[in-house]
């Protein structure tokens, strides 16, 4: 590699010579559209404080569990060696960011064929101007180049919002969030650009070890004195409205299953009281209550118009030892099969035609796209089918999603592109990749005379910008 | 769009410049083959009475639940606004067919990427000579053009059989059908062209609210006085023979699961008698009896040689409110995962090598093609794997079917193309699309030197014509 | 077909004119690499005795259950007519190998679109120099040509190892194997080329009708007097070490599910003793003990370093009548869905980060690649994801595997190509096909500018040679 490392303009566009020029034409029409990023995990503090990023490793490695899990799987590093501090006293985190960065660069090969490869090379080249392919030999020079860039004033989080062309970004906030950062940001003119998202999972799951504390905190934030099931619902209702007042348009629900079966009120009250007062609750009761509360969240959504995001089917912390050592969200969350047709039925029968209700349903199980989710989104007006998420936010999986979901749901029953990341700098890369894959898919439809070019360009606009705006608009 | 709206000759053929000419050559060989349409849902009365179609909406919109469900999902129309009369007194159906047609044309965009788009443009252009892309602006002129066409004498149902080059069409008829229409048609020379299909689902499911009435009607049609389980079986056996005498070659079974486990005779008799005499039967007993009767249908098939079609895995009437309001088959049927390997085992162990037995198994769960159905069809002589059905009768899904089923089952263990629709005018469009997709798949095998061109053309003939004829031939 | 039958150099490479030349370049780099065949089912006796193959049918038809099941499914032959002797006295096997061969050639059409077609034409042309497409007319001349070839001295099993460029081949051996053949081969210099694989399924499943006898045989082979659960474990541990001493590097586990939940020791001992002494054990107990023993196998692997292969999810002998008549492994094994995320959790939590443990997990359920297996292999250092296996060792399925597994697991967490066959002559054909499909997939990544050409070639080497060597290296 004596030539400088560059990116090809046509990367991730289809190879065949008939389709590629069409894809290029479609992509050109959408490449510079603003980014709508409604399902983000960047901490709101980054924007509220607008402090510089400390170093390349803290910016690009440690917040990215895709990247860390690959290095762990190859035995190339422990999480501690990547800068994650053990919580269990089993050792200390690597303190030298340059050493962390080197481990990543030395193992660049491991990322071949993964979306991390695409995102990272996009970031390195287009954001930092890197001209060397990462390797043991080039790690230090790349490190220095990134370090120099992030030291600049225009590399603070708020400046990046402009540089990345992010029109709006959602954060993820617990049910008990004070929302003070969002309020401060709103006072500085960011009120319609940085939006909170209501994520109540811990206060809907009775087996949460800090359930009572979290419920009380939610009540405190909402100004509701929670003493029983009725006041618990009041606190949730009030706090949802506070999120909405702070610009929030959506809620986010990561339950184990998609079950939405409501319980009789007195049974729900009994279960709540038991957990709230520290009495034992069985695993089956935990599940039943979570399903019941998902139904209640939908009911509240018909009142306040917040859009309800559902993404079940993940076994969190698959290795309990590693999760105890390093905490949650470190790469040990593993999907499993989840049923939707019967699970969503209670909610969709009750609210699926309600003019004020909107739910966006995500999955990590690709098989349900053609079998369950596209058929459901293709008839219930309240439902939109979410973009491929997490592990399947990747070129081949996005292409499969278009091929399996569109034929039954059409394009207009989809959420459009939704990113989902803690890795801030990957956001433009992720949107760019999605735009390229969509351009390629639409170009194929044009090349196969299944869609006219004007329709393809219009649909590309929809998928990139209009549909996410529409899907996440509070009702 | 100032140019007239036309269809490209190569639509739905592969884009790449090596494969397309091969696909075109294969397609030319099969495009004009007669249509074999053995799994239809067009009412036999249409042919028996041969009355003109009333208007464009009644011909093209209201019988097409794919089309209606998309408009409902977009909030663009209620079913009543599309001409479906509410059964529950909640309002009245739109009476103006032109208003229904306008709603469809205004929402043409919603069908992008769906097979409905392909079928409908095929119909509009090739059957009605429409030269405008549907839109709010063009709705009326298109309406008038279609209305003028369907008023012509050569647009009656029987004339369309010739025009569409339909060599044979099956209808779907309840177990208690008198078959008078088929007998009348036979007397007029349509006996080998319009065939009844025995569909006994309601008399095999003990939770059918009109079970007793339907069983008695079946007995009456068969000339059997049903008083117990033995005479019930007699009635089914006799009525199957009456279907066969009327030209029928197949039965059709839409159970919830694929379970074929037989019960002991006395247990089956006990359950039948309970339901027949109005006594309560549990959900588990309903399922067990349905499985038992699927086994019995297979046993009877070894006697009378009728081909047994099985297509489980659909939750019918997912929204009970909408189903109560508008009736069955209005777009609210949603698939779910179904297991076949163990479910079909009792039937296949008993009859899978019987020279007189033939079963065609369909699925809406694409995952089972490579995992269960192709392996089963690839060893049991009695089983053929049905074409992608319903939601997956679409370009991408048909392509996936070829790619996932062929490698294990080969081509000769498949049913060949089978349409499945109430929308009469869509039949030639559906067959044309399937022929194009098959030509494209076979062309890729040729271009990749995995099949010789003469073999590909021969196989295209098989898939289009010979295999459906063979699969549905009574034994 | 007046021209001689030949194979195109570019067969199974992508058709599009941009991708094909890249694929060709990659393929050229790997086509002549040695074959690593660590998961084989060729009987060790063939190599130990090195006797000539008797005739074309015994070499190519009767050991190949893919081939036989297709002929059976088409009603073109019974297994007896293909040379399989009925065990139940229901008749006799066809004794004339030429008649068997004719049946195969007459039905050559049935294999269109299947991998058997690719493998067999590769074998016929490249090994035997056949120049006629198989058919009823050409059957005899082809038979004679093959018969002449296999009569030559250089067509003995050991000579074929060289001719096929097989660097190493694994056999599959029962837990009670004496390993005398492997020892004899080692004495003749084949010790690092022909390796035993420890396959203990029958002694881990308490419902095995000959469980006690097989356990005692295992103990006898190991030199351990098995009298209880503790000595049973001792025998397994000792026999594993004997396999390792004979060159073995791996164990192989074909359980029904992937469950690895350990039991309390006293419960395991109780179940063992019950079965060992002929007392009844329930189906649930059989499953629980099998899961427990899978966990124990992993525990032993951390001690002896043997690589643990797991491939669950097959209903063996789906037709009990045919299995009773013709024996196991005759085409009646049918896959079903299996869960891995929760099933493998006990094993992966306990040993997934152990430096001495390596497990390779296979599946026949393609849906789990993106949902479960790639996410697991992409984080646990001890796990590698096995190549598509059995029915899915085919062009389209291998391509799907690359597309669904790579994005989350990367290439380096895969096993690389692994064949799995009793059909010795198909081994080079299988490896050639896999190399072509991999070259095509990597070429697409290059053509889409998602990977550089030097990286693609390096990865092709990995997948073909280095990764299987690495995955199967005893720890």
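Every chain is named by a letter (A, B and C) in the order it is written, and numbering of its residues begins at 1.
One rule holds for everything that comes next: contacts are C-beta pairs under 8 Å (C-beta built on N, C-alpha and C of every residue); 3 or more make two chains touch, one makes a residue touch a chain.
No experiment lies behind these values; they were computed from the predicted model shown.
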Relative orientation of copies chain A and chain B, as a Cα rotation angle in degrees, nearest 5: 120
Numbering shared by both copies at the chain C-chain B contact, with half separating same from different: different
Between chain B and chain C, centroid-to-centroid distance (C-alpha), Å: 40
Residue list for chain A, restricted to those that touch at least two other chains: 16-17, 367
In the complex, chain C residues that touch chain B: 1, 7-8, 10-17, 69-70, 72-75, 109-115, 117-118, 315, 318-322, 331-332, 334-337, 364-367, 391-392, 394-397, 400
Interfacial residue positions of chain C with respect to chain A in the complex: 16-19, 339, 341-342, 345, 348-349, 352-353, 355, 367, 370-372, 374-381, 383, 402-404, 406-413, 444-445, 447-451, 454-455, 458-459
